[in-house]
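Please read through the structure below; I'll follow up with questions.
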Amino acid sequence: MELNGVTIENEYAEAFPNWACRVIITAINEKWAFQAATEATGFATSAIGCPCEAGIEMFLSAEETPDGRPGVAVLFFAGGKKKLKEQVVERLAECVLTQPTTAVFDGMPDAEERIDVKLHFFGDGYEYQKEVGGRKCWAIPIMNGEYIGEESFGIVKGVAGGNFFIMGENQPAALMAADAAVDAISGVPGCMCSFPVVASGSKVGSNKYKFMVATTNEKYCPTIRDKVADTKVPEGVKAVYEIVIDGVDEESISEATRAGIMAASMIPGIKLISAGNFGGNLGPFKFHLHEILQ
Amino acid sequence: MELNGVTIENEYAEAFPNWACRVIITAINEKWAFQAATEATGFATSAIGCPCEAGIEMFLSAEETPDGRPGVAVLFFAGGKKKLKEQVVERLAECVLTQPTTAVFDGMPDAEERIDVKLHFFGDGYEYQKEVGGRKCWAIPIMNGEYIGEESFGIVKGVAGGNFFIMGENQPAALMAADAAVDAISGVPGCMCSFPVVASGSKVGSNKYKFMVATTNEKYCPTIRDKVADTKVPEGVKAVYEIVIDGVDEESISEATRAGIMAASMIPGIKLISAGNFGGNLGPFKFHLHEILQ
Amino acid sequence: MELNGVTIENEYAEAFPNWACRVIITAINEKWAFQAATEATGFATSAIGCPCEAGIEMFLSAEETPDGRPGVAVLFFAGGKKKLKEQVVERLAECVLTQPTTAVFDGMPDAEERIDVKLHFFGDGYEYQKEVGGRKCWAIPIMNGEYIGEESFGIVKGVAGGNFFIMGENQPAALMAADAAVDAISGVPGCMCSFPVVASGSKVGSNKYKFMVATTNEKYCPTIRDKVADTKVPEGVKAVYEIVIDGVDEESISEATRAGIMAASMIPGIKLISAGNFGGNLGPFKFHLHEILQ
Amino acid sequence: MELNGVTIENEYAEAFPNWACRVIITAINEKWAFQAATEATGFATSAIGCPCEAGIEMFLSAEETPDGRPGVAVLFFAGGKKKLKEQVVERLAECVLTQPTTAVFDGMPDAEERIDVKLHFFGDGYEYQKEVGGRKCWAIPIMNGEYIGEESFGIVKGVAGGNFFIMGENQPAALMAADAAVDAISGVPGCMCSFPVVASGSKVGSNKYKFMVATTNEKYCPTIRDKVADTKVPEGVKAVYEIVIDGVDEESISEATRAGIMAASMIPGIKLISAGNFGGNLGPFKFHLHEILQ
């Protein structure tokens, strides 16, 4: 299959279940909502070495938030509910409550499963309950005024590990395509790219160092293409990037995959787009590129 | 003392020792060096609830980096050497090695104390040693080409908790002044503001909730000024921000305090600038505002 | 009338007819579309001293543009059709065609009145006609590939001079409110703020210097409030900003006024919001604040 | 000659004299200084169709400006002194005085030749003289407080038309290299790139359309490489960008050329870097690439 002159391999991405929480952060303007969201979702690229996976889902206009201020929706993902709650609590407490002019609201009010994020004890008795935009919140006196926050957040069983590979004839082309993909995905509700662009893919374990849990996936490394018998790097490809997508459901990842590949395929210098799987051993979700792009 | 019409209280900031590590991250351009640095220094506002404290020290031009590419210098701080090493390893492995086109270099080559950050095993045998800009590095084949990294980083006993308070007649004035202070401090070598602007100060423990380790510092909360007998909020002040500074030495924090207060004092609507201490019980370093601003 | 605690004066903005042209600029990514749009709409704050008035209307996703790339819609306004055509031709030729990876498309394909923007002669015979996204374009060979452009652009009789004033207790509050207003207006289709924030209002002519066409509107100047008998600056106001809006029709200006005032009123430290008129002598369009905000 | 694996042609750029004026714009923070500078230097890519050439020279820290606030230095260029004065007056009056919190200062106080920029009549008698940072300024009451401005600006006979070409194996590589060059040049004092990246080079006149003053320079157009006998596009090159540099003297252009080519040569996918001249018929200044890069 070809898209804008780029070969799309007949491959599928394999993904697995993961718990997801969506938080709406608002502030006096977009700059400060973004600042809090960035701090709260940092050190969260991959659950392999980070405490969770997190990223910005989308920007929200003042008319789309409970308190009528500009906002940012962020998504947190973790394998277990307990770990997810622990991370949401810590990150809201340390990286949102502490940031200028912020408020937080539940991003999935209709979800049945819920976690408590009880920050109001921080108020040491000066806190009080307050309704904001129809939401039951706590108002906590802090230095810059009052922090407003909901304390019950919906969670859902989402999907982690959606992915596709972008292969280019040089690094700038592949990178500009990966960036275009991420920009396109930022417009798709319900998902985010935690890295957002992955420059180093890994395989489980190691051939040489037995103490390593994960090492470079040599099949996708262009500089050692000649040394790897079963390389997946086509001739003429000098750089490969992977886009990894976590979503609240399968639909969001399908749509993100479609939008991201469309955008990447329009950048000159892209040779091939593919996807990664483990032959069905990793997880129950399969995203076939050719089906998605039909 | 008055500065640009703003009262500067005769107070001092009290700070304590902390181990510091400086890492230079370079990339194909400033955008991607900044992206890696931001991810690597996220979820790192305060050691109370985050695994470490971290932030961007400064941007580096191509002529200031070992490999002649644009870069960002970041600083990591932790109470213990072991914790610091663990965090630098995890954050470089997960948030820099994985990011497009990055390389990392030791930011304190003259420091005697050092930590090892051995990422080259990730290469699974395909890695090799390579000299870049006079530095002994490892080149690790990854998807977007080769990751280049030094693996020994200098650390020094630095200072954490430098601080000052900005009090304004409304939130926008105080926030714009805090932002101006952070911008000015970004030009001072050897330090960074991990938050960077603190909207919620805390005290140790709680008066009401015995299970809380830290709660709101009610003396600095404008909305409950009338309820707190020993409030430190002057009449007419509606918002307070704190700037917290970690530095590699006392000099950098002194200079940052000076530059930050100078900048903040120029913003219309600022009433008072002060500093926070615990009467000398917290740490051995004292930063007297009046001395610094002389 | 009060809105979020801010007094809204019972005033109206007075505006006048102006010809408007809408151009869609696309590029390889948003950064470069924005760069071209910014250059093309610079030196265009006010028709008093600039060749035209121009600004960015909105960002467009790849799915909203004829060629499936990210884009920016810009609006140009001038009193006469001839002047408008001259400016659109010059600005597209010098500031868009010359910019990396750009294409331009008619932003008002349904408009009956049209202007020709014949840039294809620049191709010196190497140009050719090409259909892109259902639009009849010219492809002109240039250094970075091919420039794609439509050459017929719809124009409509729009409205210039919509406005409102934001008065704050200090400069940071008023400025943050003005900025919030402009952000909110950027989400309203069909209009733009050419300045975008006006710091210096003017009156026609001068009381002292007969050779001056326009001079400061002393009634709105806080620093000389005590010297101006008929000052419009309330006590306690230290800074005033004006938001001036040009739109393709009355509806867009009404909606922009509403959204802008809503956003500005939410910023702490704002005292009063009003609007400017010349008693009905300037133009046929009146935008009554109280009606718009009902 | 080769630089980082890129062929540097043994060519020279040819440039010509032009009058230059340097203006320092300060504001409450960098954002608003940049906003004013961007508006004031828009619609100013090329003197062929724009009223002048203009661009941002550099950002200035608070310690580098007369009033101790963050600033931006901008450069204006025109063929004649009268045209230069007219443009500086109009652009400061319409695009700086009108912008929030701005002040302007002479950027070349030691220059002997000077132009007057008398904006103080705008004050209609309320203006007054005021010394700021050792500079004789006028303070003009406006809506957001007082506009502060010097009114005598140094001008010098500078150089326009410094240039080099970047040729890449695809558009993303060439564009990323051009952008890297512009970033590097932004650190060189005394010069600016008005476009800043040129995607469409032109030749004087036309072979086919006698009424055209300038048309595409077909020798540098990759898509018609096969149709142009004396093409300068090497095989395998798909995109060419030109960096055009105006400077206050020859040294600044030499240094900008060196820094820009160094940066561009480090981007993967670049094949050739050259320069443009008219055989010595255009101007007295020659910038030989091989000499500059020695």
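The letters A, B, C and D name the chains in turn, as written, and every chain counts its residues from 1.
The rule is short, and it goes like this: a residue touches a chain if its C-beta (ideal position, glycine included) is under 8 Å from a C-beta of that chain, and two chains touch if they have at least 3 such contacts.
What you see is a predicted model, and the numbers here were worked out from it, not measured in a lab.
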Chain whose Cα centroid lies at the greatest distance from that of subunit A: D
Centroid distance [mean C-alpha coordinates] between subunit D and subunit B, Å: 36
Centroid spacing, where centroids are CA-atom means, of subunit C and subunit D in whole angstrom: 26
Rounded Å distance, subunit B centre to subunit C centre (Cα mean): 40
Residue numbers of subunit D (touch at least two other chains): 28, 145, 171-172, 175-176, 238-239, 267-268
Chain-level touch network, classified as line, ring, star, complete or other: complete
Touching residues (chain side subunit A, partner subunit C) in the complex: 28-30, 61-62, 68-70, 145, 176, 179-180, 183-184, 187, 262-263, 266-268
In the complex with subunit B, residue positions of subunit C that touch it: 168-173, 175-177, 238-239, 267-269
Residue ranges of subunit B in contact with subunit A within the complex: 28, 32, 38-46, 48-51, 90-91, 93-95, 97-102, 121-126, 140-147, 171-172, 174-175, 178, 195, 197-202, 206-209, 211-212, 214-218, 220-224, 227, 238-242
